[in-house]
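In structure tokens below, several structures.
Shared between the two complexes below is chain A, which has chain B as its partner in the first and chain C in the second.
Entry: the complex of A and B
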């Protein structure tokens, strides 16, 4: 068996007295899609930020494609291998969509403008917004902005993608178009770690589901098992709440 | 009142104005980038760097410009070991003094952009410097343009301070003409009008950008 693309081992992180992550371990293999859910403040987003070295953790370590995040001498290079999509898109408002996508490939990877633009158009086509390339993000709908942000992450041709509540800031009618793109990615074999409360997406697309609470992984199971026979009481409680709401 | 004296000396006053403007432009042109560096230093996680930058800003902002000017006027020749011309020490003093003010404007501008944009840049594999250069600063500068223009007005008004070491900018020029012709009222009224026109136009421009940003 190949080594996992992302391996989180016994990671612990605290901000002063607040324990954000407590002995978290998790592996994501190539082509796998794992969904992380849990109440707010449970450490889901923090875990994602630890994986690409945006957050410094005090205990344990994370390996991305065999490279240790803790001992990493070249974090920019490691981060290029992991695309990240944020809740509030975080597109750069002063640049066009095309410039948003080509910035890192040109500046961080050293591609020519032509190469980077070809790549950008390829991924804009994949997320279905080629016609928006020359617009500024402010002119796009929320769903289009998030798809542009996904294209921006894909243009780095990463080994894995991290999604941090990618649909939480969207109006209901726009959630579907973003989930459609993500489903397409997962089916295309992209390795994905997705923080979301979209249980429909989890059921349909995820291989495994992780439930976190208070900085700990409470439950980690294959998707069918997770929904049919959750072991932890806390998971059942959470699932009841979230599924009733839907 | 005899306004003939103004007409006769108008070219001289204009050359004084040009010197004031030159001093303003040169000071702003160098103290703004220096201010950017200091602002980034203040926001750094390295304690010694943020400490030193903060100390610089606080010391400079807690002293009157004229004292800083004296300081450099006597200090620069002492350090370099030879006499530098007056203008050099004036310009160095201006650059250093106003860098502290620019640094504060830039710092609040950078902070207005927000940490999540920085994370987006870093997560795409850009270095911290690249993230600053391509993502944060362009947005920050847009947000702080009105404050920057207002600061340039302050620099322009600050150039009058070099009067004390006899550099012939606008105010000093006017004063010597006033002395020579014994027409102080006409001259100081005219000079006030010139300062008003320059500063008020600049503040209108600043307001224009303020509206544009909103």
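Entry: the complex of A and C
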């Protein structure tokens, strides 16, 4: 097997006395899609933020494409290699969609405006909202905003993508359009780590599923195994709850 | 009241020339002080919300010094005290400048205003969702770039109304510069009165200058507010479209 794109090794993080991550290890290989689920407060989002150095952890280390996050001298460069998509989109409301996407390629990567715009249009087309390029995010529907945010992350041509509950702030119709884009990305071979409660998406797209609770990885299994024969009691309990909801 | 108005006086020399010069001095003093204050205010405002304790302490100290001493006292401090505390070569150079009172007033007014602006900017920065900052960082922008391109432009749009009234305050505060010998429009009217004993006409000029200018500024700023209004955020007086 080739070297994993993301390797998390024994990461531990605490906020004062609260243990947010407790000895978490995980690797994501090139082209893999791993879904992380678990109750709120279980450390899923914190784990994602550790991977691109947005959160400092006290124990262990994370390697992104062979570069250690803890010892990283050039975090901006490392972060460019890992796209991130947020629950609340976090598009910059005072810029048009096009400006949102071209900002980092121009300022952080040093592309010319022309190159950056070509890239932006390419990825806007890929997520299906090329016609929204000149609008401000406030004029877009939630689903369109999230797709624009995905395009913003893709425009840096990252080696991997992190999704932090990308559909939790959307209503059902819009969830479908965002999941469609994500499915398309995964099929295209993008390496993805997705925090979500969309079990349908997990079942269909993910290679492996991770279940976290109270800062630990309770279960980590290939997708079929995870749904058919979950080993941990806590996983079964959680799956029953959220599958019942559907 | 038995007072014979002589408005024509204002159009006669030397008064007319004085008025033009006074108005212009007020204008460029206010503008220069404003630009400097805005730059300083943004930097200090950002320092006050950074993660670094040292930078925050610097920001806080700056704000508390410059907003807690009355402006008129600060002007005297800048004129009489500060030059003596600086290296000799510098104070020689400084004192040989033309228009020392003018530059002193500019510095005094802009530092005082920047402390007030820094507080406004700080409150706007705190109103911006922290996710914006994370999003910027996650795309590989540096902290400085995130502030420069995302956070500060966003914050400035939120506080345009507050900036308007700060500018009006700077503009009117320039009148205090007369106490250290700057001949701006208020000092000019006092001079006209002293020469001609025409106080009503003279002070009318000053008042009209201030009112007319502030109204123009208000019109300009409300245009700016519309121009830079963030689409999709709730607009004044109307619900979201």
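Simple rule for what comes next: the second predicted complex is superposed on the first by the 246 of 246 C-alpha atoms of A that agree within 3 Å, B and C clash if a C-alpha of one lies under 4 Å from a C-alpha of the other, contacts with A are read in each partner's own complex, and residues count from 1 in each chain.
Note that in this section a contact is a pair of C-beta atoms (placed from the backbone, for glycine too) under 8 Å apart; a residue touches a chain by one contact, two chains touch by 3 or more.
None of these values were measured; they are calculated from a predicted model.
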For the combined arrangement obtained by superposing on chain A, do chain B and chain C clash, or do they fit?
clash
Once the structures are superposed on A, label A:232 by its partner contacts, choosing first (chain B), second (chain C), both or neither.
neither
Have a look at where A:137 lands relative to chain B and chain C in the superposition and call it first, second, both or neither.
second
Which of chain B and chain C A:90 touches, first, second, both or neither:
both
Touch test for A:243: chain B only (first), chain C only (second), both, or neither?
neither
Report for A:108: first if it touches chain B alone, second if chain C alone, otherwise both or neither.
both
Contacts for A:153 in the overlay, against chain B (first) and chain C (second): which applies, first, second, both or neither?
both
Considering only the contact definition stated at the top, list the common interface residues of chain A for chain B and chain C.
49, 52, 54, 76-77, 79-80, 82, 84, 86, 88, 90-94, 103-104, 107-109, 152-153, 156
Enumerate the contact residues on chain A facing chain B in the complex.
49, 52, 54, 75-77, 79-80, 82, 84, 86, 88, 90-94, 103-104, 107-109, 152-153, 156
Help me check something: in the complex, which residues belonging to chain C touch chain A?
129, 131-132, 134-142, 145, 149-150, 153-154, 157, 228, 230-233
Help me check something: in the complex, which residues belonging to chain A touch chain C?
49, 52, 54, 76-77, 79-80, 82-84, 86, 88, 90-94, 103-104, 107-109, 135-139, 149, 152-153, 156
So in the complex, which bits of chain B are touching chain A?
116-117, 119-127, 130, 134-135, 138-139, 142
